[in-house]
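These notes open a run of structures that come right after.
Note that subunit A is present in both complexes that follow, paired respectively with subunit B and with subunit C.
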Partner chain A sequence: MENDVIEIDVQKELVSAHGRMTLTIKVKLLGGELVVLFGESGAGKTTLLRMISGLTNPDRGILKVGNSVWFDSDAGINKPPQERNIGFVFQDYALFPNMSVFNNVAYGQTQGDKCYVNELLQKFGLEELSARKPDKLSGGQRQRVALARALARKPDFLLLDEPLSALDGDIRTSLQNEILKAHGINNATTLLVSHDLTEVFRLAHKVLQIKNGTITGMGKPDQLFLNNQISGKVQITGSIVKIQKQDAFYLLTVVTGMNQILKVTAFQNDIEKLSEGDRVMVFSKAFSPLILKM
Partner chain B sequence: MNVIPVLIEAITCSDGVVLVDMQSDNCWLSAILVEGDELPTWLTKGAAVSAVFKESELSIAVNLSGKISLRNRLPCTVQKIECGEIMSVVSLKFGQHLIQSAITTRSAKALELNTGLEVTALIKANEVFLVQSIKNAQAPIPHPHQL
Partner chain C sequence: MPTPFIETLLLTARLATFTTLILLVVGLPMSYFIAYSRFQFKPLLEAMVSMPLVLPPSVIGYYILVAYSPNYWFGRFLNEVFDVRLAFSFEGILLASVVFSLPFMVQPLTNGLRSIPISLREASYTLGKSKTTTFFKVLLPNIKPSLITAVALTFAHCIGEFGIILMVGGNMPGETRVASIAIYDEVQALNFDAANQYALTLFLISFVMLTLIYTVNKKSDTWKMM
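Moving on to the complex of A and B:
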């Protein structure tokens, strides 16, 4: 699997919030890569994961992993999900509420192997919790169980559909490490859906940028995001909420997309082109900002 | 922000750090940039681009002498001074271009700045942005990918 090429060439008509669109994905991935699917909601990322796993059928196309054909509309081939050896982690964990942590993880296996279940519980720090039911776990713990369960069958493919979006702050950061760990355990080719740039830069070997059902960009995070958009500098976008004359210059109050409030000085020639309500980009060179651990 | 046209004369790279030497109105300028693995396609020797820097990063010297690390020294003539209580904005003519420097009012007074005085404007290389050709100082803010 690790050296296999995964060939995806599929199409599917979808009705999204923005109307009808054709999801058209053609890409070759290397086995063992950790690929982040990046794009806005409704771009077709989740549908792509579902088509790889066999939960949704493409209208037409081919899906090939090494020499094994999983889907081929012309040849009438469509391997059922249970024959695709995939681990899937959902945003909402999807654990069985009536089963213990141990049994949830063991459920992911095709053949019972208690030793491996225990090994996974230990790797994800879940040993002490193995008898608990999911409702007695925190969000971060539940997602660790879901990751362990997805790995229980030693999958070739690990599909992670926004697994961290329900978590916040430190938990998110620590779960990013768990994802790296999960990817490393048997080097499963991992596809992670995310629209969080932190995740992209921490985790991705490769990013597929998807917009309105098609791939609009592909490459390493640096290539895709730094050269084009950030260019190695500090860039924040926001809206001007206040312009005040102060002494010989102006002070702008800018509210960012993350709801942070910035105060930025500006001068007469800047102000001539700006008014309150304008969307602006505040930028500085990579050298200028100071940094303080929080 | 201050925007002046420049011609790139030399580019030196070391890992992701890039030193760009350029000329504007017969004056040598340099910029230090931090880039990714590859330089933007427009950043090449011989390219005409714009150097951009903030008013508050531009210092002013009168009768500059002695040794100083700043190599970006722009010969300018004072055009106008707008004094606030604490900060002053000094408009400077550099070649055919108008740039501004924001300094404290007490510095402006200590330098005895007045219209027509010849001064040297100084800017650190790490404070100079390079932007793909902006035609003049009144041009709109460039698209992010041009920065």
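Moving on to the complex of A and C:
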């Protein structure tokens, strides 16, 4: 699997919140890579994962993993999800409520191999919880169970649909390590959906940037995000939540992705293009930022 | 030789048990289909299944009786091929009560299946498991309250059914005279003590069954998404 090339060339008509769009994805991935699909919600990231897993059918195109064809609309080939050797981690984790942690992981196996289940539980620090039902677990623990379960089948392809979006802060950081671990376990090609830049920089070998159903950029995170932006010293992105008029200027309140609240001043000519809810970048040009360990 | 009272109750229990078992076998795949398929004429099927809830039993009873008649194709087919005549027989009221109790089995099961997040089914598929395995290992264990409700409601409703049994089966001791019919019969004959005996028994059985349903549902009334 390591050296297999994954060829994706698919199209699908979608009706999204922004109206109709055609998802057109053409890309080749190398086996063993950890690729992050980055883009706004509604860009088609999840649909792409679902098409790779066989849960959603493309309208036309080809999907090839190594020598094995998973989907080919011209040849009428469409392998069901059961026959594609994948591991899928859902946004809501989709753990089976009727099964214990151990049984959730064991369920994913083709042949019952208790040793491997125990090995996975141990790697994700879940041994103590092995008899618990999912409703007695925290969000972070559920995510680890979902990762372990997805690996139980020794998949060639690990698909993660925003696995961290329901968590916050420190847990998020520590679970990013778990994802790296999951990727390392049998070096499955890993595709992770995210709209969090921290995640991209920490995890990705390669980033696929998707916008309105097409790939708008591809490359290493540094190449993609650091080169072509304003040469500011500090850049923070966020959304405007409030615009207040002061005497001669306006005071904007911006909430960043990390839930930090910033007050920014703006003048009449800036404000004309801005309204509440807009996504903006706050940057400084003239000052070099100071750094302090927390 | 059991007394007529015991005989009638046994017959009633046999009818309810067989009906429930048959409906479990028929109702599970049917509920699965209604819950998940994208069949274009599904509303038509759903309406058919639910008809017994709104129609008077006599209407359905009448049509079933007509269908059993050797003058029409279904009855003639049974008569000629299997030498079976269903009208006024135990098998006849069994089939009628299967038809009549169908919504009591199918509706709770369908609602139960619909309440399970799609991602649970999909997760099972991505783990390499077939639809059948998914159904028995993932879906069924997670709709236990619906399953218990469906079984208890079907059973209880079957014990309580009167009109359709009278239409299709009449009042033959040991064959079609179930408890609800017996009550009517005893009242007609002014045997109020016997009628009361039956009535109280039915009352208690139904009460216990419904209490059971509500106890089970109270324990697991919140579906927690994982």
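Quick note on the criterion: the second predicted complex is superposed on the first by the 239 of 294 C-alpha atoms of A that agree within 3 Å, B and C clash if a C-alpha of one lies under 4 Å from a C-alpha of the other, contacts with A are read in each partner's own complex, and residues count from 1 in each chain.
Going forward, a contact is a pair of C-beta atoms (placed from the backbone, for glycine too) under 8 Å apart; a residue touches a chain by one contact, two chains touch by 3 or more.
Worth saying up front: this structure is predicted, and the values here are computed from it rather than measured.
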Kindly classify A:44 by the partners it touches after superposition: subunit B alone (first), subunit C alone (second), both, or neither?
neither
So, does A:134 touch the first partner subunit B, the second partner subunit C, both, or neither?
second
Counting only touches as set out at the top, which of subunit B and subunit C does A:80 meet: first, second, both, neither?
second
Subunit B versus subunit C as contact partner of A:238, first or second or both or neither
neither
Regarding the shared-chain residue A:58, is it in contact with subunit B (first), subunit C (second), both, or neither?
neither
Would you check which partner chain A:93 touches, where first means subunit B only, second means subunit C only, and both and neither mean what they say?
second
On subunit A, positions contacted by subunit B and by subunit C:
none
Considering only the defined contacts, which subunit C positions touch subunit A in the complex?
117, 119-120, 122-130, 137-138, 141-142, 224-226
Where on subunit A is subunit B touching in the complex?
220, 222-223, 226-233, 235, 246-249, 265, 267-270, 273, 280-281, 283, 285-288
The residues of subunit A that touch subunit C in their complex are 53-55, 80-88, 90-98, 107-108, 110, 134-135, 142, 149-150, 152-153
The answer for subunit B against subunit A in the complex is residues 1, 16, 32-38, 40, 55-56, 82-89, 100, 102, 105, 126-127, 129, 137-138, 140-141, 144-145, 147
